[in-house]
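Pasting a structure below so you can have a look.
In order of appearance the chains are A, B and C, and numbering begins at 1 in each one.
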Amino acid sequence: MVKYAMAVDLDRCQGCRACMESCKVENNTVQGNFWMYVFRFEEGTYPNTEMSFLPRPCQHCDNAPCVKVCPVGARYKREDGIVLTDTDRCIGCRYCEVACPYGVNYFNWVEPKKAQYPVVNWEDEDLATVTSGAVPPYRNPDLDELQGPEQRHTAGGGHAKGVMEKCTFCVHRVDKGLDPACVATCPTNALIFGDTEDPDTPISRYLAEKRTWDLLEDAGTEPRVHYVGGSPPTHARVEIERPKARA
Amino acid sequence: MLPAATIEKYEGPISATDQYIDAVTLRIPPMEPLFESRGEIDIYMDLCERIGTLFGDGGYLSVVNNELKLTDTEFALPLDEKPTVRGIFDQWARAQGIEEGIEYFEDPSRGVFVKGPMKPTKVYGYAFDPPFGGALHRLYGESLLDVQRQMIDKGAEEAYYQDYTPFPTWRTPTMDGSPDDYEFYLISYHQIEHKQARTSFIPLLAELAPGARLDIHPEPAQRLGISDGDTVTVESHNAVTGETRSLQTTVALCEAIRPDTVAMPHHFGMWTHPQNKGQGASANEIYFTGKGYTANTADQSFHVKVKVTKGGGA
Amino acid sequence: MTSHDTRTRQLPQGVGRLTGPWWAFIAIASAVLLFGVYAYWRQASGGLGETALADTGTMGGATWGLYVVMVEYFIGVSFAGVAIAALARVFHIADLKPVTRIAELLTVGSLLVGLAAVLIDLGHPARGLWHLLLYARPQSAFFATFTLVGVGLLLASLVYLFLGGRRDAAIMATYESRLNWYHRWWASGYTDTGPERERHMRAMFWLSIGIVPLLVVSLSTEGLVFGLQVGRPGWFGSMQAPDFLVLAAASGVANLIVLAAMVRRALGKAGEAVESAFPWLGRILLAAALAGLYFMVVEMVSLLYATPADERLIAEALLTGVYAPITWLSFGLMLIGLAILTRLAAKRAWHVGPLVLASVLVSISAFAERYLTVVPSQTHGMLLPYEIGAYFPNWLEIAVGAGLFALGALLIGLFIKVFPAIPMTDEEEVSAHA
């Protein structure tokens, strides 16, 4: 049985946030939603200051608090370890969001189409003659497919107003044997993804060689995202260079 | 009519040598130019045809023959017939000894035509015989000294020529001549999300790096009564002319910056695009060019000293 | 004993007589409700983005806000109503009998409003109802809100209200009125014969005993909605359940007192009967408010002394930071309310005026406490070092919230004009005139 996991090598991460952008483009998430988020921290006082980075995808916990609290089973864990949201079933109670210690859930507060990235007025008639009526953002057709053995509607973002969404480990790519978009994009190979049941995969070898730690180990969530290098974040770290949260 | 994007047109021949192996390639467009745009060669040929300079000796086609070294070969373009761009490069390819002509380059599995190893004389002779294609070799510093002498001869003031020195020399930076209340050095910097000023209207990038800010250490900020997110006026001073320039921006407290220095990103404030609304001003607005500041050599930094005051206006 | 003729003229307790002040009350409540409906329409069409709610973490907001506060508050209030009614029946406390129906009404009304608040808070309200039937997971603590609290308690109290009212309905059915069909339907064949009356009393007794554990279980799970969250500093802990119950008792009794006083006023002379309940309710409120204060102080002391690193941010926000005004308002109101109650108890004179004032203060304090449970753990309780968040309900949420209060008021206001708010005394007979 395949079990997916991700390793995040903080000694390699340079905080460029390319993973955040590739995630947004791949999954069509709306403004202000960062399924993959990279903290930029500043710690200490001048001249002994230090900058550090912390990529924060969904941790796909084995003991996931969000799965436990969902009243309708819209949030569930697949056998291969990926935690997903069935956007057809979610009732929008946001209990998963308050239950998650990592803050990875993003709700569709408004009609997703209205929260997408505006550039020009795509309804414009003159423009339509050039675009033949196609309205960006480009939408990956895979996102509307049913995924996995359960055949549930789980991939991608921006599906419907009033439902919860979060990182899917790019389930629509993983099911085809591809890496998640963030992993494929990372210019420093700080993100490593794969099957941990097979000892010969790059991630298995990586996790076997390196010392790893998990985010918020005390919460007992047993994440499937493991960190290498760096150190667990504390409140002594001040977050800097936050993105604009909400347009 | 506009020239097509680079990817939509033929271009070449392009050298693909690595200094050891001599190779050549062509840019083959994967698609027709979009809408009404066209490749330059098409545009030139139409233009020349219209004004009567396409055909015959000394016409456009004869120039193309010369440039591609086709003149007086069996592959020369006829001077009385308008070719296609693909046809031109096809003739050129055949002249290189490629039997299939341009199809060789159109095959994605090949694409690059390897001529073979470069002759040693060609590699090393490049440097020595004749050196620099016959140009005299000069020390960079010698050129600077020459410029300085020319400027003195033309009666320029010292402020202009002082930085054209053959060897790096120290002098007090111009900005240090500003009055003491201009207490901060202003530096501008690049954010990883943006490319110069040309990406700030891309919503995805502007979400990550949303706008201008003034990074300042908390210690001087506290002394000036400034807290994170405040609006401040940054005023720069030209120590040579006494001119001042100012802009307004918001404060980002930063523990990692030197307390005597403030910094601003330079990506914003250059466009009036609707997506750029509210991104704030560019640090470039309050730098100076000319006398004592930006010189051609760029060895004297263009930095200025600024004072920071709370609030807008002033 | 009144004659059959008089009964054709006037129903007791003002039932069926629509007075000026009543119309004014209904008009105001309807106006507030309508505005709330308008606000909700805006929310339903534009999405929850119309409210001040936002995602926790990078958006720096609270994803649960005023609506969830109202859910918790109203479900808490409902607890006291049915508990008081059960108390009066199990222990045969004659003095509390006159407020039993008001208490049941309060329970049904606040549960309806609380459940409406649950639906209003959902991103997909229609799916909420439908998918809970199809896919409900009892492992989720929220399941209790939807089912145990929602359907179970609501049905139980409706049955309780219905069965408990059959005798009065039978009496009312002996009057000639336009409402006669309704009272006959409610009486559903009950005629108050000796054995029937005995069966009625026994059924009510066992129902009263049975409903108490249901109450405690369902309301404890309501506290556990928060108490089970490991990842949310300020919530995790076994104290949430008892804390929820105690606050529920205090706010519920307080609201019952206010409602009883309003009924007393509205019914005039007929309403005097409820006065016998005030000393009882006052003492219960005093006890509940004392326990509530005890929990508040214990919480504050533990915040001040033994604060784990992750809870320090919340503690500071509560005691000296952005939430400090609400914290100290809640604490102060509870203290003043208690002072008034203590004075009344010492004098053994439960005047309605000061009692209602104390009740209102305790009720507001309990509401504020609920707010402080729900919100700060989201804005200041992120375990990862996100920037501190902020949340305050906007006009739309407040309008919808006021609409919910108005809905409850409207339901009760309508009820007292179709059915006696105070149970008939035993002397009133049915069969003689049937």
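In this section, a contact is a pair of C-beta atoms (placed from the backbone, for glycine too) under 8 Å apart; a residue touches a chain by one contact, two chains touch by 3 or more.
Predicted model only: the values in this text are computed from it and were never measured.
J.: Looking only at C-beta pair counts, which chain-chain interface has the most contacts?
T.: After tallying contacts for each pair, the winner is A-C.
J.: Specify the chain with the shortest distance from its C-alpha centroid to the centroid of every protein C-alpha atom present.
T.: A
J.: With chain centres defined as mean CA positions, report which chain is farthest from subunit B.
T.: The most remote chain is C.
J.: As a quick test, compute the distance in whole Å between the mean CA positions of subunit A and subunit B.
T.: One centre to the other, that is 36 Å.
J.: State, to the nearest whole Å, the distance from the C-alpha centre of subunit B to the C-alpha centre of subunit C.
T.: Taking the average C-alpha coordinate of subunit B and of subunit C, the gap between them is 70 Å.
J.: Could you please state the distance in Å, as a whole number, between where the Cα atoms of subunit A are centred and where those of subunit C are centred?
T.: Comparing mean C-alpha positions, subunit C is 41 Å from subunit A.
J.: For subunit C, jot down the residues that touch at least 2 other chains.
T.: none
J.: Among the residues of subunit A, which are close enough to touch at least two other chains?
T.: 32, 238, 243
J.: Would you pull the subunit A residues touching subunit B in the complex into a rising list?
T.: Subunit A reaches subunit B through residues 15-17, 20-21, 24-25, 31-32, 42, 44-46, 49, 51, 117-119, 130, 238, 240-241, 243-244, 247.
J.: Please output the residues of subunit C touching subunit A within their complex, sorted ascending.
T.: Contacts found on subunit C: 46-50, 53-60, 63-64, 121-124, 127-128, 131-132, 134-137, 139-143, 146, 225, 228-232, 309-310, 313, 378, 382-387.
J.: Across the complex, what residues on subunit B touch subunit A?
T.: 35, 192-193, 203-210, 217, 219, 252, 254-259, 275
J.: Under the stated contact criterion, what part of subunit A meets subunit C in this complex?
T.: For this pair, the touching residues of subunit A are 32-34, 37, 39, 41, 54, 56, 65, 68-74, 89-95, 97-111, 115, 161-164, 215-216, 219-221, 233-235, 237-239, 242-243, 245-246.
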